[in-house]
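So, here come the structures, one by one.
Paired with chain B in one complex and with chain C in the other, chain A is shared by the two complexes that follow.
Up next is the complex of A and B:
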């Protein structure tokens, strides 16, 4: 049996845009009741922003401006919803596809493009954004997140009685990463130390070219059970479910409930990266099935039924074009970093060994007869 | 005001060098928008649609469907408005890619084909040679053909570095050669290149290095500042010490030596290496030496014995010990019943023993019950030595280095592969005549490995 099939999941917004809170999920429904219209508009605006950004970055890669692009198209609801479910005190340890989560926490989008052009290593300050640098090595970020959460626990920053002081951690990873030992180790340590962490797995159903069916015999949300990490599956293309479930379990973690796993069932509409050709391993019918379950479309239907008018959607589309042209212009204007830059951040002060290496590199470059 | 812009084929897949044009989606005269798909290409990895980076009117499609285009070469030219984003690149980058465009479009002469070095490369092999970092300096040779093209007209592929240079100071040398030159203090600008591509070779650099500077890197490290270093005697080191003392002070040692022409052994090793049966197995002179010893043991069984107060136990099997230098010190594991093994089995057993020892995984059982030992000190470049017996054994053989030396053959001096076999015996068990015959027997096999057919 395919581990993705016939499993109950939290869904509030159907693919047709119908909103309903199932009775057994009322605790999550209460989180939606607290949202204002402005929140709904913000969710949509950011999902659309994320997608426009993604499309433009894909084009820039095809035009030789980025070394690589990692599209998140189709996963916007999982990312924007959960991103807003994370509190401002909390820490986020992302994988390399979390452009949407980055948007919700104020990461400068050009920083991501710079990294994928190879002119910096991320560049944003995790201390300010609480959004840590992209974990490029699959699964490694989940260990980092668990370690951070254990530190939070040991520092006594959980269930202090003062909500402004409590803090929890969320880590993002994909279905492919669940097959890494790192994830199992993280579950074990998080459970044994009862640390405040939410494991957010975006099951986009393809680990590059390996389908979920070849990676697990049980639904992924149950992967943590044996370690002591309970889990739940949500419809990852439903931004409201993603928000509500994440917000609740982050709250619980801050209040001392220990680790929890959320499996967001979604679909990677695009390629794994710009170096991948998904037509080689999956059918057009499958892509069409999931395109029909697009997270933006169903939320747009929902908003229109709420009485949001055409003006809003036009404004969002215009903002998207503006964003696209801004990042296009900025990307073409990017300069290569100075040779010295890579030596600058090794030590806070100058260091003889580093100085020596820099000198060597300068001589080496000069040996080409250039002036650099 | 308008200008001509080019869109060069980018590397769309982390290290590709070329792509095939599958189909054009535009034709000359078409107006294109930013990100409008203009062409479908097929790379080694996938089919990819390329979106146009700028807005303009297509002037020319610079390749036909079915053509293979190198990364960095132009796909289209188009008339674009001044200041169009995507057609504006930084000065440094434009200089480089403009030259690439020109080298392809104009191709006016040999100057465009001039070979220049690239910095560092990666990706798939390019049958037409590497894509080279073009020198801005070389552009001047074809400026007459391209004055109509503004420098800023061509977008550069990401990360495409341009290094301005003086054409007359260009030197071609691969990075390891540059390092060698730097290490030896050789100025590459003063070396005459002899490489196929006009590049400087290792030999060119070595030839230019003065004797003194060649030796500069072989200097002995300076003595540590502490006057003494104290290393605790424990573990393997303690075991070695105890074994050596017990052996040296209980068994009266006697050592003898013989020089031998090992040329045929070396030829034999070479033939074994080339044979399909031994493919993937390590073959060294030590293997022949081991076989030679086992042959000699059969003719002189007394060297394969153990001395006890009451009796001398002569073993009719050989547990063949090999002294192994490991990071933790000397150990002597042995190959059980080595005399029953074929040449191939023995070769594999030696290889396995060495690998296990190097990994520090040799077990006490591996080191127990040895009957005779070899120590291959030749690998350290020394000729011979007087090894100390492995406790419980009565013979140990040292294989010295094998190197070309003058040797008398038929009253004439010839250059032969010569080695010294040294051996130490427990004189309580092995008398001088037995010891000598044993060593002579070993030496005769080294001189003529065909004796093993006996």
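Up next is the complex of A and C:
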């Protein structure tokens, strides 16, 4: 299988920036018709914000300020578009590269950097934003999302007749994770219980050094079919398709349609993480091909054709520089955690063994007379 | 007047589940074949008829999915009691249990509570085929973030399952399957003690036996035989394997000076090893003999026709009693 094979795909914005809703996908077109110019600008602003954040985090990692960085460059349209397609009651279960989705739901970006600096394991509050913690073991979070969606179903919060009460769940994962049994089990549990969940697979074509072809012989959007989960492929570098298709299927899920899968075909322009060297396994030509299909450039062409002027793009660039210097300063200011923190939340109720170990550690550290 | 009922361990767990389900409608029971059938050991018998499909349901045969969805349900405010059909079938769920369930409270800095109980019938002695007689408790007791408990009698079974369900921490609940039909009195009014404390089941002065789950019964038998020979053995039922109630063991060993652990699991890297190590650290000057471990051998659980030889019995325990007393 080749990622560029002739699989039908929802695309509204061509790589050249031409907008058209294909006739056979008209059901998604109405979601674009409802968007205002301010929505378009917001999409672009956040894609650019995500890119700038990403570049600054890469620099911080190179300078030793972060233990690791996980770039999402190239995937901004898939993430910002789908993120805005998720409603404010809905719950999001991300993998570890969903910085763009985090931006659309108001997650404090420093909490992501805190985690990658090694201050904690991701201690943001999922209730404020409905954006759950990053899942690092591939596919694990998709079962949690499925369980959550089953709970929503048991609570009767699907198709209540009151849109403000309904909610659905979306779970993000990559092409590599689809090979994990947890993803297959998620499809099965979700389908059997007819739970309100959208499975959003960003096929960025590389699982570290393994191409998508090593995870599947059949296009990924069809992975759920045998379990009873229909799917569709979208152009993941088209922010409008990503938004419209996600919004439509989240609406459907809230209204009782059951689970659905979206495969967003995109490309990981950067490395898997700051520890990776992609030059060892992929060609410059391939990277150049996809860099030419950069989701930001495509959307910029579209916006300029809509009459958006230079002022806007300058303002976005300035905001990016401001963000970069803010997160740089905030990273330098991050305090190391207290040693008690690693014992504090292992259990809800007190546990004699670790209480005793913390007590010992405190006495041990104190034995150095405060010089630690 | 205290209300007592005579019931077997399986029925006591069933009654405990029924009580927990009636008291809190967020308690869900699911797993393979737990609904209409009542589970392969009938532990959940009758609950489906009483509470219906919204509270107790059959899961697909996918153990990772069972535990993974229980985690998601916990995030949504449910308290799941998930059944793993047999000890040897828990390993497809090992990843979700150890990398997710055990770590979620820590990862979320206490934001997500994880009130999930995983029920596992464990241990041998039932003449079963491979994978149906194992004692995998050490894997879980070794994993920070989990609590591991096992009842040895109907009263504990009835109360410990309810206490486990009320816990905000994930609890691995190991059920001694070959003792499922062993009857005993259940006090329906009040729990005997805290979930994580051990209990001295028989007092003695010459030697302490620490055991848990199915081997408690065997240990009591051995103590009875020893008594007829004039040897006074104290028998402690750990009940909780993580955390282990060390103060109760320490107090006993300070009195007797001798300790033997008894379990079905292979000895190496086991709960027994942990008890032995800790007691050596804490009671070094009180010990008259090294701590001895009576357990399974470090081999895969054997075919049924050999399990009588594999499993510790009263004679194997008494052999260790003799060795300990010979020091």
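The rule is short, and it goes like this: the second predicted complex is superposed on the first by the 350 of 372 C-alpha atoms of A that agree within 3 Å, B and C clash if a C-alpha of one lies under 4 Å from a C-alpha of the other, contacts with A are read in each partner's own complex, and residues count from 1 in each chain.
In this text, contacts are C-beta pairs under 8 Å (C-beta built on N, C-alpha and C of every residue); 3 or more make two chains touch, one makes a residue touch a chain.
None of the values given here were measured: they were computed from a predicted structure.
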Chain B versus chain C as contact partner of A:335, first or second or both or neither: first
Which of chain B and chain C A:117 touches, first, second, both or neither: first
Touched partner set for A:63, first chain B, second chain C, both or neither: first
Chain B versus chain C as contact partner of A:133, first or second or both or neither: second
Chain B versus chain C as contact partner of A:22, first or second or both or neither: neither
Partner chain(s) touched by A:8 [first = chain B, second = chain C, both, neither]: neither
Touching partner for A:145 - first (chain B), second (chain C), both, neither: second
Intersection of chain A interface sets (partners chain B, chain C): none
Residue ranges of chain A in contact with chain B within the complex: 56, 59, 61-68, 117-118, 274-277, 279-280, 325, 328-329, 332-333, 335-336, 363-365, 367-372
Residues of chain C touching chain A in the complex: 28, 54, 59-60, 62, 64-65, 67-78, 92, 95-96, 99-100, 103, 105-114, 144-145, 147, 167-169, 196, 242-246
Chain B residues within the chain A interface of the complex: 7-14, 34-35, 45-53, 85-86, 88-90, 92, 117, 119, 155-159, 161, 163-166, 169-171, 178, 181-182, 188-189
Chain C contact footprint on chain A (complex, rising order): 120-123, 125-127, 132-133, 137, 140, 143-152, 154-155, 181-182, 185-186, 188-189, 192, 344-349, 351-354
